[in-house]
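Below are two complexes that have chain A in common, paired first with chain B and then with chain C.
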Partner chain A sequence: MIAKIVRESDLINLLGEWLKEYELIAPVKRDNLVVFDRVDSAGEVLFNYSNTVKSAKELLLPQSETLFTYSSVDHSASIEAHFNDAAPKLLFGVRPCDAKSFLLLDKVFDGERYKDAYYLNRRANTLVVTIGCVKPRTTCFCTSVNGGPFSEDGSDLMLIDIGDAYVVKVTSDRGAGLLEGAELEDAGEDDLASMKRVIQDAEASMSPKLAIEGRQENLESIFDDPIWGPLTEKCLGCGVCTYLCPTCHCFDIIDEARDSQGERIRVWDSCQFSQFTLQASGFNPRLTNKERLRQRVMHKFSYFPKNYGLTGCVGCGRCIQECPVNLDIRDVLNDLLMESVIK
Partner chain B sequence: MKIEKVLVETEDRNIKTFSLSFANGADKSDFNYVPGQFAELSVLGKGEAPFGMASSPTQEGCLEFTVNKAGLLTTALHNMEPGDIVGVRGPLGNGYPLEQLEGGNIVIIGGGFGFSTLRALTNFMLDDRNRGRFGDITVIYGARNPGLVLYKDELEEWGKRDDLSLYMTVDSANGDWNGRVGLIPNIVKEVAPSADNTYALVCGPPVMIRFTLPVLQELGFPSDKTLLSLEMRMKCGLGMCGRCNIGSKYVCADGPVFTLAELSKLPQEH
Partner chain C sequence: MTNTSLKLKEADLAISDQIREAARRLLQQKEVELVIGFEQGTLPLRFTPCFIRNEEDVDRLVWNSFCSNNLAKYLIKRTEKVAVVAKACDVRAIVELIKENQISRDQVVIIGVPYSGMIDRRRIEAELEGKEILGVEEEGNNIILKGNGFTKVLDRNKYLCRCCEESTPANPVIYDILIGELVEEKVPCQSPEIAEFEAKSSDERWSYICAEISKCIRCYACRNACPFCYCQECFVDKTSPQWIGKTTNPSDTLIFHLTRALHVAGRCVGCGACERACPMGVDIRKLNSKLVGDVRELFGYEAGTSLEGVAPLATFKPDDPEGFMLNP
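Take a look at the complex of A and B:
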């Protein structure tokens, strides 16, 4: 389909139209942080930002959600499943890394063996309008994990800022549906040339690529290598990496009761927490930060690709941005790969 | 499901076997399981935890779970009585590979309450409808002391059968015990089962497994015919919550039954 062009003022109008049909979730500034939040008017949408502090994963996998409520009386019990957030949503202004992360989450929650009805309910109702990254951050490494600042994976529409306007590419049928009735002009040759330049500049500005793709065996071969000790020594186990990560999906399930009624709730959890794998016997296969950080790295760069054919990381760099001890996963990977070659 | 019966298995009363019946008749035909699988038991308001199926599918209409009192949920379960309702989510996991086990001999080595799914398998094989499909069955079962022996009545029945060789042992005995005393790996060495056309199935505490495996290896059991049933902290039981993995395998969904050959390819993190 031919790329379209839209001026910012027209885009505001388009957002207004979309607001009539969808709950619009877009980047906004809250307490001086850029986050995704529901907006009631197009004017609230923030356009000038690099990336949100938190990823977009809570739209599909909320930080906490009620799975079902129950009530038990005498010798019987009744359970009522809760499918929340059924309203159609439009996620606007997400970056290509976060859009791609949904495809990774799909592998887990829309899997071959089991399909998570709660996740799927939201997934089916969420449209994704992505804005490409004309200015990737120094901490971005999407190109090292089979992504890119203008990757279309996971998007319904892709917007590329060429300065005075946005080129609009339709990247799915649902995206095409979003433009119905909008009557946007086709992008002209100059527009497309600008777009090409913007893309080239952005890609060239990115930090050097890591050679991490397809290196699962390298990582596995040094699983027991002593290098993991010094590599992980400064990790505090705070878990902020897992909190902000678009593809971290570990969760816990807990019950909350009030007398004979209550609910079962799914909440985010983190493999970085010391009790994550603690067994009732007291045995913990991941006793220290070293084992837990190793698990995170191996899961994203070895186990996940083994199981699903995709690297379990989208290179958004949030973990690098926010780690309180400046643990940089790119350095960790480089050190590991070098060690695996030496051995 | 409804608790029909609660049997206290051990002297210290820390292990109980619960027999459950289906609260909804329709569930009975939907719940098809094989020995080695597990289910997540719920006590509404307390939570959910995984327990191996202690019953054989040949025991129609009821499911049994042997529960060790170790924490919040298991304590709540232990405080329940016949007539109370528990939630059951399952069957989960891969179970024992019955097709591969058929036609050959089986050596079952169980320690402590890891024995419950092996007990399920044994009952399954001993059932009249199934016995003919399996060769010699040897069961080696041990507990730390006589008070901790599970399924005492059933074991007595097994001991009387001539289509099963049963060897029981305890780590240490008190006055009443007339049987063998000795650690399971040593008993396995003594019994020295033949590895010819035989599968060895092992389940028990990590230390027991660690010392039993070399004995089996020496007896000639190949690693692809040595099966272990593993335990891990679990939540979803479906391979989604990310908690129970060993390398790229989830113990809840790819296991809990693994061959030694499969495990040797995984990171040693269990």
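Take a look at the complex of A and C:
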């Protein structure tokens, strides 16, 4: 493992260097909210924050994007693909949960059978510099879904705050490239000991684990159980959980046409919306919030693991913090697993 | 995950006890099949809607300043007989929904709770700069927040939901069971924020609204939390014909918010459920509150204040004021 020491002044210099080559996307404060946005100077970057209100997924999967435009003139048609976002980007300051979410999105958009050119284009152009979580929130449950406050999955570099400096771990070849030319001290034994302590403290402060890994069968066994009714009764059917989620990736494709010209647009969609599975016949297999919330839970904790071998949730806790009616996914999972054991 | 350290202040404890007692009796005597109220949530500032069908679950019901969801939402088109624990703005929504034939008066037992001053958790969170709150207690007018390495005492009156701040009635307009006693109503005052908004030029108002709406991610939490958004098919969801674009371009999001504001004009009771549901901090309520004031001024109508009277946008009178059409 390569580990370097980065002091505050080094970090400002590094960010300055990176700004010359990359579009820098980092946590910033906008109207009292911490969000990822493009920054033009290192001074704008926020370091002291727990997490952003929205996840970083829109960097790879924008909420709406034009896939191509088309037009027809005199019986002939022309199509022009839109590949925007070609500029190299550096996503700085994501948390390990969001970094890991990119690996899950890869399964979907860079799969064996389907490759999404738009996603791949952005993915190849985006580097990920993660800051480990020294102070996880009580709503964080990454350790329950095979992650952790210092998980390196999906990161090119990992920064760990040891108080007076950061230990920087190089976690990919692209990450090594980011430090090329920078004169940084190697992390010494003391630094590594401090890092170990910080990691231990953070891990010890995590909320108790949920026993959900490898429980797909349990969930499937209660697909038709009446428990889903009361569990989802207070759900308002809005899209907060899915739109803030780093791993929810369902989308809709629509045409916006005017006369002989138009564009095909991809927009986020949500399984919580009433029309998500409305069929052309008028039939909707997921008629109420019960079926819709069940879909969200099953997709993340049963179908995704079955299809890809990974839990489809990274435990960031955004859905817990922002659900307008405090429908807590941890409670839902606990109740479901309890029910499946009793059955 | 339930947050176990619940400590209610004495007055709230007394209200909670009375709510439980009423709920127990209603279920015992089979007057209702379901009681909808609040229970403790999983996070310190969160209390959450709960649905009680059995007497043995009645003790889950609680009451305090964080019971801010509008429960009228859950009464629409119910077929069973149901009791609802309702504060003033929930009752105002219920009244208006009865007039709109969405709730049948004889199907609902209103357990009215006179209460002045629900707290808006988002206003408190904004104060803490991202620091996590691990526990909260109330003592008189103080809210005591505890977190890792800090204790912060706030004056509750500075963190009220906007509708409580604007001194909308604190007493339920109608009720079947009253919890405690009616409280003294504050003198209604115009919200300073609305006055400030109205004082702006039309260009300034437009840019304010555009800036706010640009934060919208179209999750529709505002719409879905609103008791008056019960259309079977919302115009934003309609695909053939498609009424508005699906993107987050301001042109699309603005049409959503402006149309919604007009659709709830004269019906909106100003409860602020929309604003509190929004994860992006969009000031949605500004438009709605402005329209509440306009409807009051133009038509002398205030939604949810009486079972009598017809909502101005549901009727027509030859002498309806129409100056605003010509001179906005």
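Please note the rule applied: the second predicted complex is superposed on the first by the 342 of 343 C-alpha atoms of A that agree within 3 Å, B and C clash if a C-alpha of one lies under 4 Å from a C-alpha of the other, contacts with A are read in each partner's own complex, and residues count from 1 in each chain.
In this text, contacts are C-beta pairs under 8 Å (C-beta built on N, C-alpha and C of every residue); 3 or more make two chains touch, one makes a residue touch a chain.
Remember, it's a predicted structure, so these values are computed and weren't measured experimentally.
Engineer: Using the superposition on chain A described above, determine whether A:F251 touches chain B (first), chain C (second), both, or neither.
Structural biologist: A:F251 contacts chain B only, not chain C.
Engineer: Is A:S274 touching anything from chain B or chain C once the two structures are fitted on A? First, second, both or neither.
Structural biologist: Only chain C is touched by A:S274; chain B is not.
Engineer: Let me test your reading of the model: by the given contact rule, A:Y303 touches which partner, first (chain B), second (chain C), both or neither?
Structural biologist: First partner only, chain B.
Engineer: Is A:K20 touching anything from chain B or chain C once the two structures are fitted on A? First, second, both or neither.
Structural biologist: Neither chain B nor chain C is touched by A:K20.
Engineer: Answer with first, second, both or neither: which of chain B and chain C does A:I320 touch in the superposed model?
Structural biologist: Only chain C is touched by A:I320; chain B is not.
Engineer: Which chain A residues are contacted by chain C in one complex and by chain B in the other?
Structural biologist: Touching chain B and chain C on chain A: residues 252, 254, 256.
Engineer: Can you list the residues on chain C that touch chain A in the complex?
Structural biologist: Result: residues 1-2, 41-43, 46-51, 69, 73-74, 126, 130, 132, 134, 148, 215, 217-221, 223-225, 233, 237, 239, 242, 245-249, 276-277, 279-281 of chain C touch chain A.
Engineer: List the residues on chain B that touch chain A in their complex, please.
Structural biologist: Listed in rising order, the residues are 2, 23, 42, 44-48, 68, 70-71, 74, 83-85, 87, 206, 231-233, 235-236, 238-245, 247-248, 253, 267-270.
Engineer: Okay, in this complex, where on chain A does chain C touch?
Structural biologist: 31-34, 48-50, 53-54, 63-64, 135, 137-139, 207, 230, 233-234, 236-240, 242-244, 252, 254, 256, 265, 267, 270, 273-275, 320-322, 324-328, 330-331, 334
Engineer: Would you pull the chain A residues touching chain B in the complex into a rising list?
Structural biologist: Residues 70, 72, 75-77, 79, 108-109, 111, 113-114, 116, 220, 223-224, 249-257, 262, 264, 269, 271, 276-281, 283, 285-286, 291, 295, 298-299, 302-304, 306-307.
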